[in-house]
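One structure is given below, represented as structure tokens, and several questions about it will come after.
Read from first to last, the chains carry the letters A, B, C and D; within each, the first residue is number 1.
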Amino acid sequence: MAELFWTTVGAILTLSIYSFLYKDNPFYKFAEHLVVGVSAGYYLVIYYWNYIDPNVATPIFLLRVGDESIGFMSGQWWMAFIPGLLGILLYARFFPKIAWVGRWPLGIYVGGYAGLGISPVMQARVIRQLGANGLPLAGVDDPMAGMTNFALGIVIFAVTTYLFVVKRSIGAGNKIARVGAIVLAAVIGYAGYVVLTLLSNAGVVSMTNILLVIGLLGTLSYFFFSMRHRGILGGLARIGIIFLMVGFGASFGYTVMSRISLLIGRVGFLLHDWLHLVD
Amino acid sequence: MKLPGTACIAFLMLCACAANAQVDAVDVEEVLSMADARADSVPPAPPRDLSARDHIGDNDSGDRISVSWTLSPDDGGGEADVLGYLVMRSEAPDARGDTVGVVPAGTTRLVDDTAVPRTPYYYHVQAVDSVNLSEPATFGPVEGRSSFWQPRRTSVFVLMAVFFAMVITFTQLAQKGASLFIRRIPGLNAIEEAVGRATEMGRPVLYVPGIGEIDNIMTIASLTILSHVAKITARYETPLIVPTARAVVMSAAEEVVKEAYAEAGHPDAYNPDNIRYLSDAQFAFAAAVNGIMLREKPAANLYLGAFWAESLLLAETGFEAGAIQVAGTAMVSQLPFFVTACDFTLMGEELYAASAYLSREPKLMGSLKGSDWMKALSIALMAAGIIANIVGWTAFVAWFETQ
Amino acid sequence: MDGRSLFDKILKIDRRWIFLLVGIAVVIPFFLPLGLPVVVTPPVQSLFDEVDRLPPNSQPLLMSIDYAPATLPELEPMSLAILRHAFERDVNVAVMTLHPAGYGLAERALLQAAEEYGMVYGEDYVFLGFQPGVSAVILSLGVNIRNVFPEDAYGTSLSQIPMMEGIRNFDDVPLAVTLAGWSAAEAWIYYAVEPYGQRVAAGVTAVMATDYYPYLGAGQLVGLLGGMRGAAEYEALIEHPDQGWRGMDSQSIIHMLIILLIVVGNVAYFVTGRKKKLVSQG
Amino acid sequence: MRRQIPLMLCFIAGVFTAVQYFIPHPAIQDFQERFLAWLMTLLAFAFLLGTVSLIRLHWHKIRNKADDRGYSFVALAGLLVMIGFGFFHPAHHSPGSPFNTLFQNVQVPIEATMFSLLAFYIASAAFRAFRARTMEATLLLVAATIVMLGRVPLGELIHEQIPIATRWILEVPNMASKRGIMIGVGLGMMATALKIVLGIERAWMGGGD
């Protein structure tokens, strides 16, 4: 009975949120404010019992750390007391007269966390990534070669079509010539694909690794602001934007899955846990 | 058949490895003597090139020594019957001392973490087959010390120092008024054009500075750009609506806009009712901004700042309302939505570059220029890595190994 | 009515009709399951292999269940699948969380899986609870687990928990898995992989997954589960289909619906020729 | 003085935590171990600042008789009930406690549902906003479509090459571009951290003297 009651509560709240799809309304607002309060309360309690009680309150007031008793004013007592005091000082900001004291612990906190991150970020985001991208360009096993060469074939086709048709280097103003130009571009694209396949099968080049290198080069060039985007830099930045867009496309496609998953989870809750319509 | 002995030693090794415990030398002898009598009587060749050195760990109290060797010729080759290596440690070169550990075949390294700091030791490593021990390889003396430097992280330190030196230098140059070049960000033209279009149509401009707090650098960058936009709208006397999700951001935005109107010579055109605090809650804020789009029909929507999931709700409604939209954020996961639904998007660092370009503030210029040249250095390092790969210059690659 | 005005109508449709279509597309597969097979991709396979190599009843798998309710349907199936795999093989599991809401969610997944396999608390699994500070917590774990978790979530000292005997820091943890819908997974890379060389695998939401491929490619992660699909693949590997796998049917239908919407939208857009004049592209 | 001391503390703490990374000596590392615990304590207290601000916000709304003060009552009531059960119910730790029940049946459904709303908007945006207007937008759409197809079983049935194409997009162009972004953003993070430690960036101190 209790379970049915609580599942129903969850279901009603779920439907209140979905009512937002029709339009903003009091049911939605009620649930929204309720969760603000409930989650703040939940976090407060969890922070207290998991951290503050065992690591601050118990050592300071009950003179215990883990299993052992500690002496008042002993080293371990100070180690709990000093950060506890600094933590309390953070709340000085709510009292205008002594608000400035609140900046002391904040300084330690902000500075400490800022410093902690610097070196691991350099290591993880810069050095390791450059290391992983400083790839051998030839003579390696390349499982992605097929798809890489196919994609490059399409790029060659697209670029030649652009040159022939849009830039009108071939068949200007003539419909049949234009079709012919596209066919010619397709042939060139296919020829490119065949040549690349032969080369990569022979192990002469690894186009996948070359693409990875060019992609990183292009992306970094795009975000380079100290020179105008002209000449080589302009070309690299143009390549960079292509890679960026494909990357964003991948993120978009993946994100769709994320949002749909959440919906599936909620529909599953309503149909299965609450109504027992499906098993 | 060597099975019983094999099984015994293999078991012993597994135990030793799993528990990482000290194995007494006597136990090993005992196990060996219990092994099958019919077995192999030829001892394996000893491991070669034994060396030992102080191991620099994370908290280096000087109790760790790293021992390494080259495989015995009978490990993987020759008789191919080596099962593992027995590592022992003594304080005199000729004594055999205590067992430090047993490692399985194919291993060439062991870290002894039981050394007494600043005590010279000799290490002895023997290859073990099913019943026999090889002649020991010996190395020493070596002692563990507490180190003041982690050599594996030298490359991190050097790159960090170079980068920080650049950031600080550029900041100071900018402070002294040196003219540092930043290319004009195309997004700024798009913003100006969008505002111009709104003026032509006689409809307001909507500027959303994101839902980040005031200390978020995206919000700070956005307020710089807001000042620029406000100067244009002041000149054209186009209404500028700024909805905010944080009370502090609202007061900052008020200051920025009021000042910009005064600077543009139209302080009277400033309308405080257009700088609005809507709601702290993400979706409630998005719903309220959507309401503004549909009721007050702004002709240009500018979304610049820190955005989370609400980006989609805003950009989609704005697109449908037919406004020209320009967005800018460094929240990478939201960029796909802005790129697809907006006419122009300032991606990632372009947001910071735009604010540095407009404000010329030294601290913004410093980090932007520093990052720029660090990117150039990164490209050079990657190229060097590729060349090092080709010519087989392993020392270069090894210097960047951090583990 | 000519084609153009039909497309005009389509373009101006109230978006609530689309909402309705999405709702229907999600619900149908619950009643008419398709049961399509799931192909396993390499990042999932490598995480599975890592867990499969862990020694039974020995050093624990450390799971950091760091998600909040907002990403529950994507990440809880992953937790359950990995926990089931570990328990099936009698691998000890220690669970912790870096997100306060993770406290209730980690506990709920852990208890469910442990009950299914009849595991004993303290011998086969332990729940360490929540600690605030993300980077400081992970860095401290590398030094000594007892600095961060002197006791488990229920107030028992770690020294009285049999399976934690001899477990001091990352040296004694062969694999750590983080499941997070926020930057906690990145923090594990910065503060466990880089300084300590700890082996870490991650399960992240599909929103974040593409951003983690560079880490995977650089060997900083030994495995990656992306979104509900990642969970479905893991469920296929352990042959225990559950929420992730079941969700794939609805996922298939909706993806097709969205692709259809993109196509129709673009066709209508080009047919009606409603090309808004663009702002200069720089 | 009121600004100098916190800036100095920030500098000392930042330099210490940054530099200790390179110094494995126990004299430094043993202190670092303790300092990490301090940071955790400060974070715990700092997090709870948010709760105090929340209470103040809603209390002001109620006191000023704001139009929507009814919802402020709801928020405060939720907070008080959770605190009551969390601190004063004897079995607050056990999985079946009222505290945990409220979390599982109020907080979890609401928060989980909020973000699932976006499933509807993403579909509507796909229809109304995602147009192949430029080369950039076209590339994005094509990549997104392939990934969407390749990540569901139905797409795998349509053509066997689709999952391979998806994998290629994720592991080649996506990886290269995300690496570029990652390096750029990483540098920005480090520069910001440096400016905070050196006291150039002071937004964290807020206004006033």
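One rule holds for everything that comes next: a residue touches a chain if its C-beta (ideal position, glycine included) is under 8 Å from a C-beta of that chain, and two chains touch if they have at least 3 such contacts.
All figures in this text were calculated on a predicted structure; none of them were measured in a lab.
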*Mind listing the chains that sit against chain C and also against chain D?*
A, B
*If you tally the C-beta contacts for B-C and for A-D, which one comes out higher?*
A-D
*Between chain B and chain C, tell me the centre distance in angstrom, where each centre is the average of that chain's C-alpha atoms.*
21
*State, to the nearest whole Å, the distance from the C-alpha centre of chain A to the C-alpha centre of chain B.*
13
*With chain centres defined as C-alpha means, what is the inter-centre distance between chain B and chain D in Å?*
17
*Residues of chain C engaged with two or more neighbouring chains*: 15, 19, 22, 26, 70-73, 101, 104, 131-132, 136, 139, 143, 153, 155, 194-195, 206-207, 210-211, 214, 217, 227, 229, 251, 254-255, 258, 278, 281
_Residue numbers of chain A (touch at least two other chains)_ = 20-21, 29, 32, 36, 39, 42-43, 47, 51, 113, 116-124, 126, 128-133, 213, 216, 220, 223, 244-245, 247-252, 254-257, 260, 262-263, 265-266
*Please list all residues of chain D that touch 2 or more other chains.*
21-22, 29, 33, 37, 39-40, 43-44, 47, 93, 103-104, 107-112, 114-120, 122, 124, 126, 128, 130-131, 136-137, 140-141, 144-145, 148, 151-152, 167, 170-171, 174-175, 178-179, 181-185, 187, 190, 192, 194, 204
*List of chain B residues in touch with chain D within their complex*: 56-61, 146-150, 153, 156-157, 160, 163-164, 167-168, 171, 214-215, 217, 220, 280, 283, 309, 312-313, 315-316, 319-320, 330, 332, 336-337, 339-341, 348-349, 352, 363, 366-367, 370-371, 374-375, 378
_chain C-touching residues of chain A, taken from the complex the two chains share_ = 21-22, 39, 42-43, 46-47, 50-51, 54, 65-67, 113, 116-117, 120-121, 123-124, 128-129, 131-132, 247, 250-251, 254-258, 260-268, 271-272, 277-278
*Would you tell me which residues of chain A are touching chain D in their complex?*
6-7, 9-11, 13-14, 17-18, 20-21, 29-45, 47-49, 51-52, 55-56, 79, 82-84, 86-88, 90-91, 93-94, 99-100, 103-122, 124-126, 129-130, 132-133, 144, 146-148, 151, 208, 211-216, 218-220, 222-223, 240-257, 259-260, 262-263, 265-266, 269
*Quick one: which bits of chain D touch chain B in the complex? Just the residue numbers, please.*
21-27, 29-30, 33, 57, 114-115, 117-118, 121-122, 124-125, 128-131, 136-137, 140-141, 144, 178, 181, 183-185, 187-188, 190-192, 194-195, 198, 200-201, 203-204
*Which residues, counting only chain C, touch chain A once they are in their complex?*
16, 19, 22, 26-27, 30-31, 70-74, 100-101, 103-104, 129-132, 135-136, 139, 146, 150-151, 153, 155, 157, 159, 189-191, 193-195, 205-207, 209-211, 214-215, 217-220, 226-229, 243, 246-247, 250-251, 254-255, 258
